[in-house]
Amino acid sequence: NFDNDCDYLWLKSSTPESIYHHGRVGINTDKPEEALSVNGNIRVTGCIEHPSDMRIKTDILPVDSSRQLERVCQMRLYQYRYKDGVMRGANPSNESRHQVGVLAQELRDILPDAVHETNTDVPLSDGGTVSKLLVINKDRILMETVGAVQGLKKIADDVNHRLDSLEKGFSQTHTLKNSKDRFSREGTGET
Amino acid sequence: NFDNDCDYLWLKSSTPESIYHHGRVGINTDKPEEALSVNGNIRVTGCIEHPSDMRIKTDILPVDSSRQLERVCQMRLYQYRYKDGVMRGANPSNESRHQVGVLAQELRDILPDAVHETNTDVPLSDGGTVSKLLVINKDRILMETVGAVQGLKKIADDVNHRLDSLEKGFSQTHTLKNSKDRFSREGTGET
Amino acid sequence: NFDNDCDYLWLKSSTPESIYHHGRVGINTDKPEEALSVNGNIRVTGCIEHPSDMRIKTDILPVDSSRQLERVCQMRLYQYRYKDGVMRGANPSNESRHQVGVLAQELRDILPDAVHETNTDVPLSDGGTVSKLLVINKDRILMETVGAVQGLKKIADDVNHRLDSLEKGFSQTHTLKNSKDRFSREGTGET
(Lines give C-alpha, C1' and ligand atoms only; values in the text may rest on other atoms or scores of the structure.)
Protein backbone atom coordinates (compact mmCIF):
# COMPACT_ATOMS: atom_id res chain seq x y z
CA ASN A 1 0.00 0.00 0.00
CA PHE A 2 1.03 3.54 -0.34
CA ASP A 3 2.00 4.09 3.27
CA ASN A 4 5.02 2.09 2.25
CA ASP A 5 5.18 4.07 -0.93
CA CYS A 6 5.38 7.22 1.04
CA ASP A 7 7.85 5.73 3.47
CA TYR A 8 9.89 4.43 0.62
CA LEU A 9 10.68 7.96 -0.52
CA TRP A 10 11.50 9.62 2.82
CA LEU A 11 11.86 7.97 6.23
CA LYS A 12 11.96 9.48 9.69
CA SER A 13 15.36 9.34 11.27
CA SER A 14 16.06 8.35 14.87
CA THR A 15 17.24 11.91 15.57
CA PRO A 16 14.38 14.39 16.15
CA GLU A 17 12.78 16.21 13.20
CA SER A 18 15.15 14.44 10.82
CA ILE A 19 14.20 12.59 7.64
CA TYR A 20 16.27 10.77 5.08
CA HIS A 21 16.25 9.12 1.69
CA HIS A 22 18.55 6.35 0.55
CA GLY A 23 19.41 6.85 -3.11
CA ARG A 24 19.42 9.88 -5.32
CA VAL A 25 17.37 13.07 -5.03
CA GLY A 26 16.66 15.41 -7.95
CA ILE A 27 15.31 18.93 -7.80
CA ASN A 28 13.97 20.13 -11.17
CA THR A 29 15.48 17.05 -12.78
CA ASP A 30 13.86 13.63 -13.01
CA LYS A 31 17.20 11.91 -13.66
CA PRO A 32 19.44 12.74 -10.71
CA GLU A 33 22.92 11.40 -11.44
CA GLU A 34 24.43 12.28 -8.08
CA ALA A 35 23.20 11.85 -4.51
CA LEU A 36 21.71 15.33 -4.94
CA SER A 37 21.21 16.92 -8.36
CA VAL A 38 19.79 20.43 -8.42
CA ASN A 39 18.72 22.16 -11.60
CA GLY A 40 18.88 25.76 -10.44
CA ASN A 41 20.59 27.60 -7.59
CA ILE A 42 21.25 26.54 -4.01
CA ARG A 43 20.97 29.09 -1.25
CA VAL A 44 22.50 28.18 2.10
CA THR A 45 22.59 30.44 5.16
CA GLY A 46 25.32 28.48 6.95
CA CYS A 47 28.48 26.89 5.63
CA ILE A 48 29.26 23.85 3.50
CA GLU A 49 31.21 21.21 5.38
CA HIS A 50 33.45 18.59 3.79
CA PRO A 51 35.02 15.66 5.65
CA SER A 52 38.78 16.19 5.65
CA ASP A 53 39.91 14.02 8.52
CA MET A 54 43.37 12.51 8.00
CA ARG A 55 42.16 9.28 9.61
CA ILE A 56 39.92 8.49 6.61
CA LYS A 57 42.68 9.25 4.06
CA THR A 58 45.49 7.07 2.77
CA ASP A 59 48.38 7.24 0.27
CA ILE A 60 48.97 10.81 1.47
CA LEU A 61 51.73 12.59 -0.51
CA PRO A 62 52.78 16.26 -0.51
CA VAL A 63 51.98 18.35 -3.59
CA ASP A 64 54.55 20.59 -5.34
CA SER A 65 53.34 24.20 -5.06
CA SER A 66 55.48 25.48 -7.96
CA ARG A 67 53.72 22.97 -10.23
CA GLN A 68 50.39 24.20 -8.88
CA LEU A 69 51.33 27.80 -9.74
CA GLU A 70 52.19 26.70 -13.28
CA ARG A 71 48.84 24.96 -13.65
CA VAL A 72 46.84 27.92 -12.28
CA CYS A 73 48.62 30.20 -14.77
CA GLN A 74 47.63 27.85 -17.59
CA MET A 75 43.93 28.09 -16.72
CA ARG A 76 42.19 30.48 -19.07
CA LEU A 77 39.32 32.50 -17.66
CA TYR A 78 36.43 33.72 -19.77
CA GLN A 79 33.28 35.66 -19.39
CA TYR A 80 30.33 34.00 -21.12
CA ARG A 81 26.63 33.34 -20.86
CA TYR A 82 24.71 30.11 -21.16
CA LYS A 83 23.10 29.28 -24.50
CA ASP A 84 19.35 29.88 -24.72
CA GLY A 85 17.36 27.09 -23.14
CA VAL A 86 20.16 25.11 -21.50
CA MET A 87 19.16 26.36 -18.05
CA ARG A 88 15.53 25.38 -18.70
CA GLY A 89 13.83 24.46 -15.43
CA ALA A 90 16.41 26.36 -13.43
CA ASN A 91 16.22 29.96 -12.30
CA PRO A 92 15.78 31.76 -15.64
CA SER A 93 17.87 34.71 -14.44
CA ASN A 94 20.88 32.39 -14.62
CA GLU A 95 20.58 32.23 -18.36
CA SER A 96 20.88 35.91 -19.09
CA ARG A 97 23.36 36.49 -16.31
CA HIS A 98 26.98 37.21 -17.20
CA GLN A 99 29.23 34.38 -15.95
CA VAL A 100 33.00 34.13 -15.36
CA GLY A 101 34.86 30.86 -15.30
CA VAL A 102 36.91 28.27 -17.10
CA LEU A 103 35.89 25.92 -19.90
CA ALA A 104 35.81 22.28 -18.79
CA GLN A 105 37.34 21.12 -22.07
CA GLU A 106 40.42 23.31 -21.45
CA LEU A 107 40.60 22.58 -17.72
CA ARG A 108 40.69 18.85 -18.47
CA ASP A 109 44.11 19.26 -20.08
CA ILE A 110 45.51 21.13 -17.08
CA LEU A 111 43.75 19.61 -14.07
CA PRO A 112 42.12 16.36 -15.23
CA ASP A 113 40.91 15.37 -11.77
CA ALA A 114 38.81 18.56 -11.56
CA VAL A 115 36.72 17.53 -14.58
CA HIS A 116 34.17 14.75 -14.74
CA GLU A 117 32.29 13.44 -17.77
CA THR A 118 28.63 12.80 -16.98
CA ASN A 119 25.88 10.84 -18.71
CA THR A 120 23.75 13.96 -19.01
CA ASP A 121 22.44 15.10 -22.38
CA VAL A 122 21.49 18.78 -22.71
CA PRO A 123 19.10 19.72 -25.54
CA LEU A 124 19.98 22.96 -27.33
CA SER A 125 17.45 25.38 -28.75
CA ASP A 126 18.89 24.90 -32.25
CA GLY A 127 17.75 21.28 -32.14
CA GLY A 128 21.17 19.87 -31.34
CA THR A 129 22.12 18.03 -28.17
CA VAL A 130 25.19 18.24 -25.96
CA SER A 131 25.93 14.68 -24.89
CA LYS A 132 28.08 13.57 -21.97
CA LEU A 133 28.09 17.03 -20.37
CA LEU A 134 31.35 17.94 -18.62
CA VAL A 135 31.16 19.18 -15.03
CA ILE A 136 33.92 20.65 -12.87
CA ASN A 137 34.83 20.61 -9.19
CA LYS A 138 35.62 24.19 -8.20
CA ASP A 139 36.97 23.14 -4.80
CA ARG A 140 39.76 21.38 -6.72
CA ILE A 141 40.55 24.72 -8.38
CA LEU A 142 40.58 26.37 -4.94
CA MET A 143 43.16 23.89 -3.64
CA GLU A 144 45.31 24.54 -6.72
CA THR A 145 45.01 28.28 -6.08
CA VAL A 146 46.13 27.86 -2.46
CA GLY A 147 49.23 26.04 -3.74
CA ALA A 148 49.78 28.72 -6.40
CA VAL A 149 49.77 31.42 -3.71
CA GLN A 150 52.40 29.40 -1.82
CA GLY A 151 54.44 29.13 -5.03
CA LEU A 152 54.22 32.90 -5.50
CA LYS A 153 55.31 33.48 -1.89
CA LYS A 154 58.46 31.41 -2.56
CA ILE A 155 59.18 33.56 -5.63
CA ALA A 156 58.60 36.70 -3.55
CA ASP A 157 61.01 35.44 -0.86
CA ASP A 158 63.65 34.75 -3.53
CA VAL A 159 63.07 38.18 -5.09
CA ASN A 160 63.44 39.90 -1.72
CA HIS A 161 66.67 37.99 -1.11
CA ARG A 162 68.10 39.11 -4.47
CA LEU A 163 66.97 42.69 -3.83
CA ASP A 164 68.69 42.67 -0.42
CA SER A 165 71.92 41.51 -2.07
CA LEU A 166 71.70 44.10 -4.84
CA GLU A 167 70.92 46.93 -2.41
CA LYS A 168 73.77 45.86 -0.15
CA GLY A 169 76.17 45.49 -3.09
CA PHE A 170 75.08 48.79 -4.59
CA SER A 171 75.45 50.76 -1.37
CA GLN A 172 78.89 49.18 -0.70
CA THR A 173 80.13 49.89 -4.25
CA HIS A 174 78.77 53.39 -3.99
CA THR A 175 80.63 54.03 -0.73
CA LEU A 176 83.74 52.21 -2.00
CA LYS A 177 83.63 54.03 -5.35
CA ASN A 178 83.24 57.39 -3.63
CA SER A 179 86.26 56.74 -1.41
CA LYS A 180 88.27 55.38 -4.37
CA ASP A 181 87.22 58.41 -6.43
CA ARG A 182 88.38 60.68 -3.63
CA PHE A 183 91.64 58.70 -3.35
CA SER A 184 92.11 58.72 -7.13
CA ARG A 185 91.46 62.48 -7.33
CA GLU A 186 93.77 63.21 -4.41
CA GLY A 187 96.39 60.97 -6.06
CA THR A 188 95.97 62.83 -9.33
CA GLY A 189 96.17 66.14 -7.46
CA GLU A 190 99.45 65.18 -5.84
CA THR A 191 101.06 64.48 -9.21
CA ASN B 1 -6.76 11.53 -2.77
CA PHE B 2 -3.58 11.86 -0.85
CA ASP B 3 -1.66 9.25 -2.75
CA ASN B 4 -1.57 11.94 -5.39
CA ASP B 5 -0.80 14.48 -2.71
CA CYS B 6 2.18 12.46 -1.69
CA ASP B 7 3.20 11.89 -5.25
CA TYR B 8 2.82 15.56 -5.99
CA LEU B 9 5.63 16.41 -3.62
CA TRP B 10 8.19 13.76 -4.58
CA LEU B 11 8.03 11.34 -7.50
CA LYS B 12 10.02 8.19 -8.21
CA SER B 13 12.48 8.59 -11.03
CA SER B 14 13.06 6.06 -13.78
CA THR B 15 16.57 5.48 -12.42
CA PRO B 16 16.69 3.12 -9.41
CA GLU B 17 16.29 4.52 -5.87
CA SER B 18 15.94 8.01 -7.29
CA ILE B 19 13.24 10.55 -6.45
CA TYR B 20 12.63 14.07 -7.66
CA HIS B 21 10.60 17.21 -7.11
CA HIS B 22 9.80 19.80 -9.75
CA GLY B 23 9.83 23.23 -8.17
CA ARG B 24 11.54 24.62 -5.11
CA VAL B 25 12.61 22.81 -1.94
CA GLY B 26 13.14 24.52 1.40
CA ILE B 27 14.87 23.11 4.45
CA ASN B 28 14.06 25.09 7.61
CA THR B 29 12.41 27.75 5.47
CA ASP B 30 8.82 27.69 4.22
CA LYS B 31 9.57 30.22 1.46
CA PRO B 32 12.34 28.70 -0.67
CA GLU B 33 13.41 31.31 -3.23
CA GLU B 34 15.83 29.07 -5.08
CA ALA B 35 15.59 25.49 -6.36
CA LEU B 36 17.06 24.51 -2.98
CA SER B 37 17.07 26.90 -0.02
CA VAL B 38 18.71 25.64 3.17
CA ASN B 39 18.49 27.51 6.43
CA GLY B 40 21.50 25.99 8.20
CA ASN B 41 24.62 24.13 7.09
CA ILE B 42 25.13 21.61 4.31
CA ARG B 43 27.48 18.68 4.85
CA VAL B 44 28.60 16.77 1.77
CA THR B 45 31.03 13.84 1.77
CA GLY B 46 31.79 14.06 -1.96
CA CYS B 47 32.33 17.01 -4.21
CA ILE B 48 30.13 19.73 -5.67
CA GLU B 49 29.90 19.55 -9.44
CA HIS B 50 29.05 22.48 -11.72
CA PRO B 51 28.37 22.19 -15.48
CA SER B 52 31.18 23.97 -17.27
CA ASP B 53 31.01 22.49 -20.74
CA MET B 54 32.01 24.94 -23.49
CA ARG B 55 29.27 23.48 -25.69
CA ILE B 56 26.54 25.04 -23.52
CA LYS B 57 28.26 28.46 -23.39
CA THR B 58 28.19 31.34 -25.85
CA ASP B 59 29.57 34.90 -26.20
CA ILE B 60 32.84 33.59 -24.73
CA LEU B 61 35.43 36.34 -24.19
CA PRO B 62 38.79 36.24 -22.37
CA VAL B 63 39.06 38.10 -19.05
CA ASP B 64 41.92 40.51 -18.22
CA SER B 65 43.84 39.05 -15.26
CA SER B 66 45.44 42.37 -14.27
CA ARG B 67 41.95 43.84 -13.82
CA GLN B 68 41.03 40.79 -11.73
CA LEU B 69 44.05 41.39 -9.48
CA GLU B 70 42.97 45.01 -9.02
CA ARG B 71 39.47 43.93 -8.06
CA VAL B 72 40.65 41.26 -5.60
CA CYS B 73 42.87 43.88 -3.93
CA GLN B 74 39.86 46.17 -3.57
CA MET B 75 37.85 43.53 -1.70
CA ARG B 76 37.91 44.26 2.00
CA LEU B 77 37.87 41.26 4.33
CA TYR B 78 36.39 41.39 7.80
CA GLN B 79 35.85 39.16 10.75
CA TYR B 80 32.36 39.43 12.14
CA ARG B 81 29.56 37.46 13.72
CA TYR B 82 25.89 37.28 12.81
CA LYS B 83 23.44 39.43 14.76
CA ASP B 84 21.41 37.63 17.43
CA GLY B 85 18.47 35.76 15.97
CA VAL B 86 19.24 36.11 12.27
CA MET B 87 20.32 32.46 12.06
CA ARG B 88 17.10 31.35 13.80
CA GLY B 89 16.12 27.91 12.60
CA ALA B 90 19.63 27.19 11.41
CA ASN B 91 22.41 25.53 13.38
CA PRO B 92 22.62 27.84 16.43
CA SER B 93 26.41 27.40 16.61
CA ASN B 94 26.63 29.47 13.41
CA GLU B 95 25.42 32.52 15.25
CA SER B 96 28.10 32.67 17.89
CA ARG B 97 30.81 31.44 15.55
CA HIS B 98 33.46 33.86 14.36
CA GLN B 99 33.15 34.41 10.58
CA VAL B 100 35.54 35.85 7.99
CA GLY B 101 34.37 37.28 4.69
CA VAL B 102 33.36 40.29 2.65
CA LEU B 103 30.33 42.55 3.01
CA ALA B 104 27.90 42.17 0.09
CA GLN B 105 27.28 45.92 0.00
CA GLU B 106 30.99 46.58 -0.60
CA LEU B 107 31.46 43.62 -2.97
CA ARG B 108 28.62 44.94 -5.15
CA ASP B 109 30.74 47.97 -6.07
CA ILE B 110 33.72 45.81 -7.06
CA LEU B 111 32.19 42.63 -8.50
CA PRO B 112 28.50 43.35 -9.18
CA ASP B 113 27.82 39.97 -10.79
CA ALA B 114 28.85 38.20 -7.55
CA VAL B 115 26.04 39.88 -5.59
CA HIS B 116 22.33 39.18 -5.89
CA GLU B 117 19.45 41.04 -4.25
CA THR B 118 16.81 38.64 -2.94
CA ASN B 119 13.20 39.06 -1.85
CA THR B 120 14.04 37.69 1.60
CA ASP B 121 13.22 39.68 4.71
CA VAL B 122 15.20 38.88 7.86
CA PRO B 123 13.68 39.91 11.19
CA LEU B 124 16.18 41.32 13.71
CA SER B 125 15.95 40.82 17.47
CA ASP B 126 15.70 44.62 17.97
CA GLY B 127 12.35 44.56 16.17
CA GLY B 128 13.73 45.84 12.88
CA THR B 129 13.77 43.95 9.60
CA VAL B 130 16.43 43.59 6.93
CA SER B 131 14.56 43.64 3.61
CA LYS B 132 15.83 42.45 0.25
CA LEU B 133 18.73 40.52 1.78
CA LEU B 134 21.91 40.53 -0.30
CA VAL B 135 23.54 37.17 -1.07
CA ILE B 136 26.90 36.50 -2.70
CA ASN B 137 28.33 33.82 -5.01
CA LYS B 138 31.68 32.79 -3.55
CA ASP B 139 32.60 30.76 -6.65
CA ARG B 140 32.66 34.07 -8.51
CA ILE B 141 35.20 35.32 -5.95
CA LEU B 142 37.23 32.14 -6.52
CA MET B 143 37.40 32.76 -10.27
CA GLU B 144 38.51 36.34 -9.60
CA THR B 145 41.20 35.01 -7.25
CA VAL B 146 42.48 32.58 -9.90
CA GLY B 147 42.84 35.54 -12.29
CA ALA B 148 44.51 37.61 -9.56
CA VAL B 149 47.12 34.88 -9.04
CA GLN B 150 47.79 34.96 -12.78
CA GLY B 151 48.13 38.75 -12.62
CA LEU B 152 50.63 38.40 -9.75
CA LYS B 153 52.60 35.80 -11.72
CA LYS B 154 52.96 38.30 -14.58
CA ILE B 155 54.25 40.92 -12.11
CA ALA B 156 56.68 38.33 -10.68
CA ASP B 157 57.94 37.48 -14.19
CA ASP B 158 58.48 41.18 -14.89
CA VAL B 159 60.24 41.65 -11.53
CA ASN B 160 62.54 38.70 -12.23
CA HIS B 161 63.37 40.14 -15.63
CA ARG B 162 64.30 43.52 -14.13
CA LEU B 163 66.33 41.81 -11.41
CA ASP B 164 68.23 39.78 -14.01
CA SER B 165 69.08 43.02 -15.88
CA LEU B 166 70.16 44.80 -12.71
CA GLU B 167 72.28 41.89 -11.53
CA LYS B 168 73.91 41.59 -14.97
CA GLY B 169 74.44 45.36 -15.21
CA PHE B 170 75.78 45.53 -11.68
CA SER B 171 78.24 42.68 -12.13
CA GLN B 172 79.46 44.12 -15.48
CA THR B 173 79.89 47.62 -14.04
CA HIS B 174 81.63 46.14 -11.07
CA THR B 175 84.06 44.19 -13.30
CA LEU B 176 84.39 47.11 -15.74
CA LYS B 177 84.86 49.61 -12.94
CA ASN B 178 87.50 47.42 -11.32
CA SER B 179 89.40 47.08 -14.60
CA LYS B 180 89.02 50.84 -15.31
CA ASP B 181 90.15 51.61 -11.75
CA ARG B 182 93.15 49.42 -12.35
CA PHE B 183 93.80 51.09 -15.71
CA SER B 184 93.25 54.54 -14.21
CA ARG B 185 95.58 53.80 -11.30
CA GLU B 186 98.19 52.31 -13.63
CA GLY B 187 97.76 55.35 -15.87
CA THR B 188 98.16 57.67 -12.92
CA GLY B 189 101.19 55.67 -11.80
CA GLU B 190 102.84 56.06 -15.21
CA THR B 191 102.45 59.84 -15.13
CA ASN C 1 -3.36 8.67 10.10
CA PHE C 2 -0.63 8.61 7.58
CA ASP C 3 -1.83 11.56 5.56
CA ASN C 4 -0.43 13.50 8.50
CA ASP C 5 2.57 11.27 8.44
CA CYS C 6 3.18 12.26 4.88
CA ASP C 7 2.55 15.91 5.59
CA TYR C 8 4.83 15.79 8.59
CA LEU C 9 7.83 15.08 6.38
CA TRP C 10 7.27 17.65 3.60
CA LEU C 11 4.71 20.45 3.45
CA LYS C 12 3.56 22.58 0.56
CA SER C 13 4.74 26.13 0.74
CA SER C 14 2.60 29.19 0.02
CA THR C 15 4.77 29.91 -3.03
CA PRO C 16 3.87 27.81 -6.10
CA GLU C 17 5.47 24.38 -6.63
CA SER C 18 7.46 24.83 -3.42
CA ILE C 19 7.75 22.35 -0.58
CA TYR C 20 9.64 22.46 2.69
CA HIS C 21 10.75 20.45 5.68
CA HIS C 22 11.49 21.83 9.11
CA GLY C 23 14.38 19.93 10.64
CA ARG C 24 17.21 17.96 9.13
CA VAL C 25 17.34 16.13 5.81
CA GLY C 26 19.73 13.26 5.08
CA ILE C 27 20.55 11.80 1.68
CA ASN C 28 22.25 8.39 1.95
CA THR C 29 22.59 8.91 5.68
CA ASP C 30 19.93 8.17 8.29
CA LYS C 31 21.59 10.46 10.84
CA PRO C 32 21.77 13.92 9.28
CA GLU C 33 23.74 16.18 11.60
CA GLU C 34 23.23 19.36 9.62
CA ALA C 35 20.17 20.92 7.98
CA LEU C 36 21.20 18.95 4.88
CA SER C 37 23.65 16.05 5.05
CA VAL C 38 24.56 14.39 1.76
CA ASN C 39 26.55 11.19 1.56
CA GLY C 40 27.81 11.49 -2.01
CA ASN C 41 28.20 14.30 -4.50
CA ILE C 42 26.03 17.35 -5.16
CA ARG C 43 25.54 18.57 -8.71
CA VAL C 44 24.13 22.05 -9.16
CA THR C 45 23.56 23.78 -12.51
CA GLY C 46 23.31 27.27 -11.04
CA CYS C 47 25.29 28.95 -8.32
CA ILE C 48 25.50 28.63 -4.55
CA GLU C 49 24.34 31.75 -2.76
CA HIS C 50 25.38 32.76 0.76
CA PRO C 51 23.83 35.64 2.74
CA SER C 52 26.52 38.27 3.17
CA ASP C 53 24.50 41.38 3.93
CA MET C 54 26.26 43.80 6.28
CA ARG C 55 22.93 44.54 7.93
CA ILE C 56 22.82 41.04 9.51
CA LYS C 57 26.44 41.22 10.73
CA THR C 58 27.91 42.76 13.85
CA ASP C 59 31.31 43.18 15.59
CA ILE C 60 32.80 43.80 12.14
CA LEU C 61 36.60 44.20 12.23
CA PRO C 62 39.12 44.35 9.36
CA VAL C 63 41.43 41.36 8.88
CA ASP C 64 45.24 41.71 8.44
CA SER C 65 46.10 40.40 4.95
CA SER C 66 49.79 39.80 5.76
CA ARG C 67 48.72 37.43 8.55
CA GLN C 68 46.40 35.71 6.05
CA LEU C 69 49.32 35.21 3.63
CA GLU C 70 51.36 33.66 6.44
CA ARG C 71 48.55 31.28 7.30
CA VAL C 72 47.96 30.24 3.67
CA CYS C 73 51.69 29.49 3.33
CA GLN C 74 51.51 27.29 6.42
CA MET C 75 48.73 25.14 4.95
CA ARG C 76 50.17 21.90 3.63
CA LEU C 77 48.51 20.42 0.56
CA TYR C 78 48.48 16.71 -0.16
CA GLN C 79 47.23 14.32 -2.75
CA TYR C 80 45.50 11.33 -1.20
CA ARG C 81 42.64 8.91 -1.65
CA TYR C 82 39.94 7.88 0.77
CA LYS C 83 40.40 4.63 2.68
CA ASP C 84 38.42 1.65 1.38
CA GLY C 85 34.81 1.72 2.53
CA VAL C 86 34.68 5.17 4.09
CA MET C 87 32.67 6.51 1.14
CA ARG C 88 30.21 3.59 1.44
CA GLY C 89 26.76 4.68 0.27
CA ALA C 90 28.23 7.58 -1.67
CA ASN C 91 29.28 7.61 -5.29
CA PRO C 92 31.83 4.77 -5.32
CA SER C 93 33.97 6.59 -7.90
CA ASN C 94 34.84 9.07 -5.15
CA GLU C 95 36.73 6.39 -3.31
CA SER C 96 39.19 5.49 -5.99
CA ARG C 97 39.49 9.05 -7.25
CA HIS C 98 42.68 10.97 -6.59
CA GLN C 99 41.98 13.90 -4.26
CA VAL C 100 43.95 17.06 -3.43
CA GLY C 101 43.46 19.01 -0.24
CA VAL C 102 44.53 19.74 3.30
CA LEU C 103 44.31 17.54 6.38
CA ALA C 104 41.77 18.84 8.89
CA GLN C 105 44.08 17.97 11.82
CA GLU C 106 46.80 20.24 10.38
CA LEU C 107 44.39 22.98 9.29
CA ARG C 108 43.01 23.17 12.82
CA ASP C 109 46.35 24.52 14.06
CA ILE C 110 46.45 27.22 11.37
CA LEU C 111 42.83 28.21 10.83
CA PRO C 112 40.82 26.80 13.74
CA ASP C 113 37.54 28.38 12.65
CA ALA C 114 37.67 26.46 9.35
CA VAL C 115 37.56 23.10 11.15
CA HIS C 116 34.59 21.60 12.97
CA GLU C 117 34.47 18.45 15.08
CA THR C 118 31.35 16.42 14.38
CA ASN C 119 29.58 13.60 16.21
CA THR C 120 29.96 11.33 13.19
CA ASP C 121 31.63 7.94 13.52
CA VAL C 122 33.07 6.41 10.35
CA PRO C 123 33.61 2.63 10.35
CA LEU C 124 36.85 1.55 8.64
CA SER C 125 37.24 -1.66 6.64
CA ASP C 126 39.95 -2.86 9.07
CA GLY C 127 37.33 -3.01 11.83
CA GLY C 128 38.37 0.25 13.44
CA THR C 129 36.24 3.36 13.73
CA VAL C 130 37.05 7.03 13.22
CA SER C 131 35.10 8.89 15.90
CA LYS C 132 34.25 12.58 15.97
CA LEU C 133 35.09 13.06 12.29
CA LEU C 134 36.63 16.44 11.46
CA VAL C 135 35.05 18.47 8.64
CA ILE C 136 36.33 21.68 7.05
CA ASN C 137 34.76 24.79 5.55
CA LYS C 138 36.51 25.41 2.22
CA ASP C 139 34.89 28.84 1.82
CA ARG C 140 36.89 29.88 4.88
CA ILE C 141 40.06 28.79 3.03
CA LEU C 142 38.91 30.83 0.01
CA MET C 143 38.57 34.00 2.11
CA GLU C 144 42.05 33.39 3.53
CA THR C 145 43.39 32.96 -0.02
CA VAL C 146 41.81 36.26 -1.11
CA GLY C 147 43.62 37.96 1.78
CA ALA C 148 46.85 36.15 0.90
CA VAL C 149 46.67 37.48 -2.67
CA GLN C 150 46.25 40.99 -1.23
CA GLY C 151 49.27 40.37 1.02
CA LEU C 152 51.30 39.26 -2.01
CA LYS C 153 50.22 42.37 -3.94
CA LYS C 154 51.58 44.54 -1.12
CA ILE C 155 54.91 42.67 -1.31
CA ALA C 156 54.91 43.12 -5.11
CA ASP C 157 54.28 46.87 -4.73
CA ASP C 158 57.15 47.13 -2.24
CA VAL C 159 59.42 45.10 -4.55
CA ASN C 160 58.56 47.33 -7.51
CA HIS C 161 59.33 50.39 -5.39
CA ARG C 162 62.75 49.01 -4.40
CA LEU C 163 63.46 48.03 -8.02
CA ASP C 164 62.59 51.55 -9.21
CA SER C 165 65.04 53.02 -6.66
CA LEU C 166 67.78 50.58 -7.61
CA GLU C 167 67.31 51.15 -11.34
CA LYS C 168 67.30 54.94 -10.83
CA GLY C 169 70.33 54.78 -8.53
CA PHE C 170 72.15 52.42 -10.87
CA SER C 171 71.52 54.54 -13.99
CA GLN C 172 72.56 57.75 -12.12
CA THR C 173 75.76 56.17 -10.80
CA HIS C 174 76.44 54.76 -14.22
CA THR C 175 76.01 58.20 -15.87
CA LEU C 176 77.83 59.97 -13.01
CA LYS C 177 80.60 57.39 -13.08
CA ASN C 178 80.95 57.73 -16.84
CA SER C 179 81.15 61.54 -16.64
CA LYS C 180 83.57 61.33 -13.69
CA ASP C 181 85.59 58.75 -15.63
CA ARG C 182 85.68 61.12 -18.57
CA PHE C 183 86.61 64.03 -16.30
CA SER C 184 89.20 61.92 -14.54
CA ARG C 185 90.68 60.74 -17.86
CA GLU C 186 90.67 64.28 -19.29
CA GLY C 187 92.23 65.45 -16.06
CA THR C 188 94.83 62.73 -16.34
CA GLY C 189 95.37 63.67 -19.98
CA GLU C 190 96.01 67.31 -19.05
CA THR C 191 98.66 66.44 -16.54
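The letters A, B and C name the chains in turn, as written, and every chain counts its residues from 1.
The criterion applied here is as follows: a contact is a pair of C-beta atoms (placed from the backbone, for glycine too) under 8 Å apart; a residue touches a chain by one contact, two chains touch by 3 or more.
Chain-to-protein mapping (UniProt): A, B, C = Myelin regulatory factor.
Treat the numbers as computed from the prediction; the structure is a model and nothing was measured.
Quick check for you: after a Cα superposition of subunit A (Myelin regulatory factor) on subunit B (Myelin regulatory factor), what is the rotation angle, between 0 and 180°, in steps of 5?
Rotation angle between the two copies comes out at 120 degrees.
Looking only at residue numbers at the subunit A (Myelin regulatory factor)/subunit C (Myelin regulatory factor) interface, is the share used by both copies over half or under half? Answer same or different.
Here the answer is different, because the shared fraction of interface numbers falls below one half.
What is the distance in Å between the mean C-alpha positions of subunit A (Myelin regulatory factor) and subunit C (Myelin regulatory factor)?
Taking the mean C-alpha position of each chain, the two centres sit 9 Å apart.
When you check subunit B (Myelin regulatory factor) against every other chain, which residues touch at least two of them?
Residues 6, 10, 21-25, 32, 34-36, 38-51, 90-91, 118, 135, 139-140, 142, 145, 149, 152, 156, 159, 163, 166, 170, 173, 177, 184, 188, 191.
Considering only the defined contacts, which subunit C (Myelin regulatory factor) positions touch subunit A (Myelin regulatory factor) in the complex?
2, 5-6, 9-10, 21-32, 34-36, 38-51, 69, 72-73, 75-83, 86, 89-91, 97-107, 115-116, 118, 120, 122, 124, 130, 133-142, 145, 148-149, 152, 155-156, 159, 162-163, 166, 169-170, 173, 177, 180, 184, 187-188, 191
In their complex, what parts of subunit C (Myelin regulatory factor) are in touch with subunit B (Myelin regulatory factor)?
3, 6, 10-25, 32-63, 65, 68, 87, 90-91, 94, 113, 118, 135, 139-140, 142-147, 149-150, 152-153, 156, 159-160, 163, 166-167, 170, 173-174, 177, 181, 184-185, 188, 191
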